[in-house]
Amino acid sequence: MTPKKLKNYSYYPGCSLHASGREYDISTRALFKALNIGLKEVPDWFCCGATPAHNVDELLSLSLCAKNLVLAEEVEGDLAVACAACFSRLKTTQHHLKVDDEKRAQVEKAIAGPATIAKPVKHILEILVRDLGLAKLEESVKKPLFGLKVACYYGCLLTRPPEVPELDDCEDPSIMEDLLRALGAEPVSWSHRMECCGANFTLSRPDVVLHLSDAILRSAQAAGADCVMVACPLCHGNLDIRQEAIENRSQEKYDLPIFYITQLAALAMGVDDDKLGFDSVIVDPRPMLMDKELI
Amino acid sequence: MHSAEKKHDFEPKVVAFVCTWCTYAGADLAGTSRMQYPPNVRVLKFPCTGRIDPVFILRAFQKGADGVLVSGCHPGDCHYMAGNFHARRRFAAFRVLLGFVGVDLNRLQFSWVSAAEGGKWVEVVTELTERVRAMGPMREFKELEQEEQWSATLTTPELQQAYESI
Amino acid sequence: MSRIGVFVCHCGENISRTVDVERVAGEAAQLPGVAYSCDYKYMCSDPGQNLLKKALAEHNLDGVLVAACSPRMHEKTFRKAAQSAGLNPYLCDMGNIREHCSWVHEDREAATAKASDIVKLMVERVKRGKALAPITVPVTKRALVIGGGIAGIQAALDIADAGKEVILVEREPSIGGHMAQLSETFPTLDCSQCIMTPKMVDVANHPNITLYTYAEIEKVDGYIGNFQVTIRRKARSVVEDKCTGCGVCTSKCPKKKIPNEFDQNLGMRSAIYVPFPQAVPNTPVIDRENCTMFQSGKCGVCAKVCGPQAIDYEQQDTLVVEAVGAVVVATGFKLYSIDRKPEESPIKGYGEFGYGLIPDVIDGLTFERLASASGPTGGKILRPSDGKEPRQVVFIQCVGSRAREKGISYCSKICCMYTAKHTMLYRHKVHDGQAYVFYMDARTPGKGYDEFWRRAVEVEDAVYIRGMVSRLYQRDGKIVVMGSDTLVGVQVEIEADLVVLATAVQAQDGADLLAQKLGISYDKYNFYSEAHAKLKPVECATAGIYLAGACQGPKDIPDTVSQASAAAAKVITLFSKDQLERDPVVAKVNEKYCVGCLQCKKVCPYGAVEEKEIRDRQGNLVKVVANVNAGVCGGCGTCQATCPSKSVELDGYTDEQIMAMIEAL
Amino acid sequence: MKNKLMHLSNETINLDFVNKVEKLSGSSVRRCMQCGKCSAGCPMATFMEHPPNRIVRLLQLGQGKRILAGRSIWYCASCETCTTRCPNTVNLAAIMDALRKLSWDADGPSKESYVQLANRLFIENIRTYGRQYEMRLGAVFNLRSGRLLKDFLLGPKLISRGKLKVFHQKNRNLDEIEAIFSRIEEMRKKGEAL
């Protein structure tokens, strides 16, 4: 008999988490298991459309997300989302369909059915810090991340625009830092928490990404961070996969491991580091973690 | 800025005749702004430069002033409308007279300093003090004063004696 | 022998830090005539003042010197304290050893010596001081208000409502001023006439207001509380008492094609006319330059048709003298005219806008007349050249204003708001018309003002273009506007049907001449100067004269009305006393020595010196001497310095006092 | 185009275009006071010929053509900084979306071909596979953009780490996806949606 779960969530991983951001998916599942929280993937979900869709075709973007929200109804529990971009798109869709009847009518026509927007869409951070609570989280920590200095990188979409994600203050959020403190780590104060990394220009204009992400890594390093923690696979890609190119461009050595929220949280919960996808990333965090005696 | 540390051989006596509305207030502003200037100046306040009789200037030189400054409102800004214009005309004539009797006109300065010109007050006073310092003490009128003493009263023993010897 | 008390203040550490105050007090005690001296931490504090009062009584002092801060700071304080202890306040003086000594010198030795010198000098002055009593002058409780625009009307009504008599003088045939010309007013868009005319009627009907229209100030004599004003009532050629205002004369006048100034020359009027239908008083005036009767002696139609026989071709200007106690100057403004090459204007030409040669380039006030329901077009926006409705109207702000080298340096203040209003009025009247505004900054501080401007942009679709216009020229019945949009960084060209220039607000013609008559000061643009930019914004430096409205600087209606009411409040405050007290620092003539050369009269800036005949008991003239009117004397002392026989003396600054101070150097 | 003299008249001010933008974005352009805060915080402003505030300014003047003639709108990263900080709640990010949509529909006189190509491939992938197929996205992009060697060395690294999957993800809802795409196309054809 499996022990009764604390709570159950439906789960929308998004395309990246099944591909370039697989370690985010792996660590999320591991973390939830460790915390004894149920997580069931929405069957046959499809792409939220991400930035390219809303950039040129808002109706398409809203329709794709609306359809996903309908699909999510099939699974019990609030919808957990890990990817900041998917989270933003789903929340934006809920917001638009709630306030704009005309758009809602168009979307319902496109998906040929009623758009259901009642199900709460929650980012992993929200589930950890609000639903579970910092006190409970602190209790569950098995291997506190003492001595680990982390630059919390929110990026653009986790908090902006203010009326959509409803996650935290849009100019001075603290939810990531609160989480990290509960895990025993030490969040650093730095300037580029919410600057853009270049996002999906990674495909079309990598030069732009190098320029913007360089500023972020530079700021994190200057603040004395050992690593950067992110909530978005695109940010992760830009900061991690392109880090070598950034270093070549600016003639600086950063060597900053980029973690997903769930990787650090799971590590603190005592999940074995083999099960967190550290072998998938480009900047290998394990030497640093060993150095800090965290693995 | 003037440094008080400097010691000089000669500390001149400078007398300033100023009007209460502009220059006196300008000097007040220099104070509230904590500007620094040489402490040689003694300020005599008048309602208006129009009130200043040239005789005062002569008397000041007689009583040991090495330099005299007369300062009031800028032309057109007189609190009493036209007092400074009268003063200007009066002193233009008076300067010629002073020059005629042999006073170095560098010892006498006229200027306009408004209530807003604390800095200018400091400039004017510093410049005059340093100029007069370089010129040395003003002896001519002090001797004159002594002559006057001779001819007027017999208060001193030397005088008494001299008188009796006639 | 005098018994002077010297009190040396530490001013916390402000003085004692660089001046050895104890030594100064000690040296003061040695001065001849000083009966008591001490030093204290804070002389201006309550205990400090009590110390002074106690010493006065205990040591039987007959003069006080407080060596502390500037007399401009605390002279009043200490004089009051001395007075309460029974000493004449003018026997209490201050030596300035803070602003003039401790704060400006670092060398303690030199500063202390200087402070001692200051005390020594001032003691000599106090010794020779005179007990003076304040001078009182009576107050005539009638006010003169110059200018019958909204400022003058408001001030006159406020003073009159307080129960005081008011003489209101207006240069034009009717009161109302510029506000009567306006169509609607920002930021509420209520019709100007609707809120203005009731006030004009109130003025006409108020029992406390005497109204002189078509009249000008000829001469002003006297001083606060006691002015004599000579008013020139220009010949109206119509006897006001007889005229019923029936209007037959104006309708029968054969000469009807005279451009009406009230309508900015857009409409026409007759030679005998009232400027506008709601005029107060509703009495016509004959424009003699355009009247056939006056020019050729042949006509007289108006006299023939006038039932009450009110027409008087022989009428002459008359002079009226009124005694008043206070004057409110409310002469308003004029707009910089674009009609011609400016000659004696500070604005050096706007030839690029056509010098008035392009008929459809008009100024803001002309647009007001076009938009006014009672205007020459009945409220239709029609362009002057062909009477067609303009489809595209370009408004240009800051014409003349904010152009330091070429025009005037100041901001005319009202243009941003009235231009926003114009775009709205235009949109309300021409629904498919498009308004463009070229501007440098939109300056809209004021309650509801910025919201008003944004409404023009966001709701009424005015296109605001940040940038100025280089040139206007005509092409195919249109006016080509060559401008730029600095926000985009491109040149902009618009073919406009009508161009409205927000020209600069200037002082009225002749503002300087009136100021000279009143003895008040004005700035280089001829706007009248207030006594203090912040704390005395309504008072003139000349006592008893107050300012209201745009004669002091560009102002909109709310500001004008506020200032007018403030000026009225000042007048009412003045009138609440029967006698005015003033500083007794005035000149006095020693008639024994005065030879009656009257040099003093020539130099007195106040006209305070009069001739006085001295007669013996039989009435024979002994001699003529000068006499100073203490109520008028300003106390400058120029007379004393001028007097060849030294027989006039300024109390508080006598030769004796000053010579003694010089002796003590 | 950028510096060409701007004639302003009822004919040259294209309010139709502006109204479309306002409708699509749900945001007023007139509310903008040109304070420039959007451009001040824009991470991409240095890459744009018209910084964000000027885009709004051109909309205020009805100059849609000028905007679409440039590529500035394609450099917007959709980071929403402008929208978040605008003191007058002009939703500039949404306005950018609307402008890109209008440019996209007009088949892009706005030429930032790489960005457009990436967007096009991305959406094509969704239509074909239901989910993103990063391998194909990258490969086809390089092929079509002619930048065959772009990120050449990254590919194997990513494949070896399992980040780049050779095969696309499976999805049983592919028919539904296609239906959504075609229904939207249908609606547009009928003029039921912009």
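Assorted remarks:
Read from first to last, the chains carry the letters A, B, C and D; within each, the first residue is number 1.
FYI, a residue touches a chain if its C-beta (ideal position, glycine included) is under 8 Å from a C-beta of that chain, and two chains touch if they have at least 3 such contacts.
This one's a predicted model, so the numbers in the text were calculated from it and none came from an experiment.
Path length between subunit A and subunit C in the chain contact graph, taken as the least number of steps between touching chains: 2. The chain pair with the larger count of C-beta pairs in contact, out of C-D and B-C, is B-C. Using the mean of the Cα atoms as each chain's centre, the chain most removed from subunit D is B. If you average the Cα atoms of subunit B and of subunit D, the two centres end up 80 Å apart. Once the centre of each chain is set as its mean CA position, subunit C and subunit D turn out to be 61 Å apart. In this assembly, the C-alpha centroid of subunit B lies 38 Å from the C-alpha centroid of subunit C.
Note: centroid distance subunit A to subunit D, computed from Cα atoms, is 23 Å. Taken as a contact graph, the chains are arranged in an open line, each linked only to its neighbours along the path.
Two chains count as a pair here when they touch; such pairs are A-D, B-C, C-D. In the complex of the two chains, the subunit D residues touching subunit A come out as 24, 26, 43-44, 47, 75-81, 83-85, 91, 93-94, 96-98, 100-101, 104, 112, 114-115, 117-119, 122-123, 125-126, 130-132, 134, 137-138, 141, 145, 150-151, 154, 157-158, 161-165, 169, 171-173, 176-177, 179-181, 183-184, 187, 192-194.
Of all residues in subunit C, only 391-392, 432, 434, 436, 454, 457-458, 461, 463, 465-466, 485, 487-495 touch subunit D in the complex they form.
Taken together, the subunit A residues at the contact with subunit D in this complex read 15-16, 18-22, 43-44, 46-47, 49-60, 63-64, 67, 71, 100, 106, 109-112, 156-157, 160-162, 170-171, 194-196, 198-201, 203-206, 208, 212, 241, 279-282.
Considering their complex, residues 70-72, 96, 98-101, 103-107, 110-111, 113-114, 117-118, 121, 519, 541, 585, 603, 605-606, 634-638, 640-642, 650, 652-653, 655, 658-659, 661-663, 665 of subunit C touch subunit B.
Those residues of subunit B that touch subunit C in the shared complex are 3-5, 13, 15, 24-25, 27-28, 30-32, 34-37, 39, 42-48, 50-53, 56, 59-60, 63-65, 78-83, 86-87, 90, 122.
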